[in-house]
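Per-chain numbering from 1; labels A, B, C, D, E and F assigned in written order.
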Amino acid sequence: MKVSARNLIKGKVKKVEIGAVNAEVTIEIAPGVELTSIITKPSAENLGIKEGGDAYALIKSSDVMIAID
Amino acid sequence: MKVSARNLIKGKVKKVEIGAVNAEVTIEIAPGVELTSIITKPSAENLGIKEGGDAYALIKSSDVMIAID
Amino acid sequence: MKVSARNLIKGKVKKVEIGAVNAEVTIEIAPGVELTSIITKPSAENLGIKEGGDAYALIKSSDVMIAID
Amino acid sequence: MKVSARNLIKGKVKKVEIGAVNAEVTIEIAPGVELTSIITKPSAENLGIKEGGDAYALIKSSDVMIAID
Amino acid sequence: MKVSARNLIKGKVKKVEIGAVNAEVTIEIAPGVELTSIITKPSAENLGIKEGGDAYALIKSSDVMIAID
Amino acid sequence: MKVSARNLIKGKVKKVEIGAVNAEVTIEIAPGVELTSIITKPSAENLGIKEGGDAYALIKSSDVMIAID
């Protein structure tokens, strides 16, 4: 399946914390560069996400803001 | 200014394309890893974004989806 | 590829309008029930979306609001 | 009240699960076609959502992604 | 119609700029406090938004970030 | 740090409710006009948000919908 969201970045699952409703998933997309994601608990379970496994971060370009120092 | 969005990733502006309404900004956040952002044209101009400059990608954790092969 | 977004709804592409920057894609997900999507023009082209073809609408559950009369 | 979000789809509330903070609401928008929504618990209570009742799913077109097999 | 989004703020339409695809609408929600909105051009036309008229800004609470100096 | 999101509105923190995962923050942006925000609990803690303090609401213009009576 191909998705219209522009940013699909491969990485390793570094941490998965499953709460009552949501799961927080941290993906390392480059050495020392991490992305934190919050998805629903059923989504995390359906995907079978586990620490150390491969995963992609998928982000729509309109959800990426830019900041300047 | 500190912002509540969880992901603040430093990078280099690789490409800026300014259209009539929006601007597409590509940031290299690690060697070979890029994030594409769409912001409004006035935002791009206010920030003074230019190719080769430093910039951050800022993304709320609830806007990061996870995908598995 | 499996994605964490909860709503994946199969349908037929009913209309594709490609503008300078964005594309508006209408998907019929049930007889008489349509969803309108706005994606970037490069995304529409990469996916090879065309009228009459099969496609899925993919929506995060936190992006679905509820309204009551 | 009329809202700028492009997709307003009528359906029946099929399931409401109220958690500590959020509520998960499932709406059947056509026979066998469901949309899952996550809203805050106070929103669910203010709207008086109940299983079997009528409700609309309301979605901005920029929040609808497209996927292709 | 009542909507699940938590923030519904009444104001006056101060400026409407209609482009090829999108419209930028500025609403004054208190003396000197404005909110800028980008909606699609068909949405702006369907709502019949005009400068000087009454309108509401409607924002989901999960789309409001917090920043601190 | 300057951010691409168009709406940056100064206010006073009126209420902070910290739950297991998320925090609900209410900001008064003008007399009698409030914005409710949901951010993650770690974000609220990192920012050191407290009732009575100054804070900004930060909202992307594409996340502001318009409604008309």
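Keep this in mind: a residue touches a chain if its C-beta (ideal position, glycine included) is under 8 Å from a C-beta of that chain, and two chains touch if they have at least 3 such contacts.
Note that the structure is predicted; figures quoted are calculated from it, not measured.
Between chain B and chain F, the least number of touch steps comes to 1.
Contacts with chain E and chain F are shared by B, D. In a homomeric contact, the two copies may use the same or different surfaces; for chain A and chain C, over half of the interface residue numbers are shared, pointing to the same surface. Note on C-D: across the candidates E-F, A-C or B-F, the interface recurring with over half of the contact pairs conserved by residue number is E-F. Centroid analysis (C-alpha atoms only) places A farthest from chain E. When every chain is reduced to the mean of its CA atoms, the largest separation from chain F belongs to C.
Here the CA centre of chain B is 24 Å from the CA centre of chain C. Note on chain placement: the centre of chain B and the centre of chain D lie 31 Å apart, centres being C-alpha means. Residue positions of chain D touching 2 or more other chains: 1-6, 20-21, 24, 37-40, 43-44, 47, 56, 58, 60-62, 65-69.
In summary, the structure contains touching chain pairs A-B, A-C, A-D, A-F, B-C, B-E, B-F, C-D, C-E, D-E, D-F, E-F.
Touching chain F in their complex are the following residues of chain B: 1-6, 37, 39-40, 42-44, 46-47, 56, 58, 61.
Put simply, chain E touches chain F in their complex at residues 3, 5-9, 24-25, 27, 29-31, 33, 35-39, 43-44, 47-49, 53-69. By the touch criterion given at the top, residues 1-5, 20-21, 40, 60, 62 of chain A touch chain D in their complex. Taken together, the chain B residues at the contact with chain C in this complex read 19-22, 24, 38, 62, 65-69.
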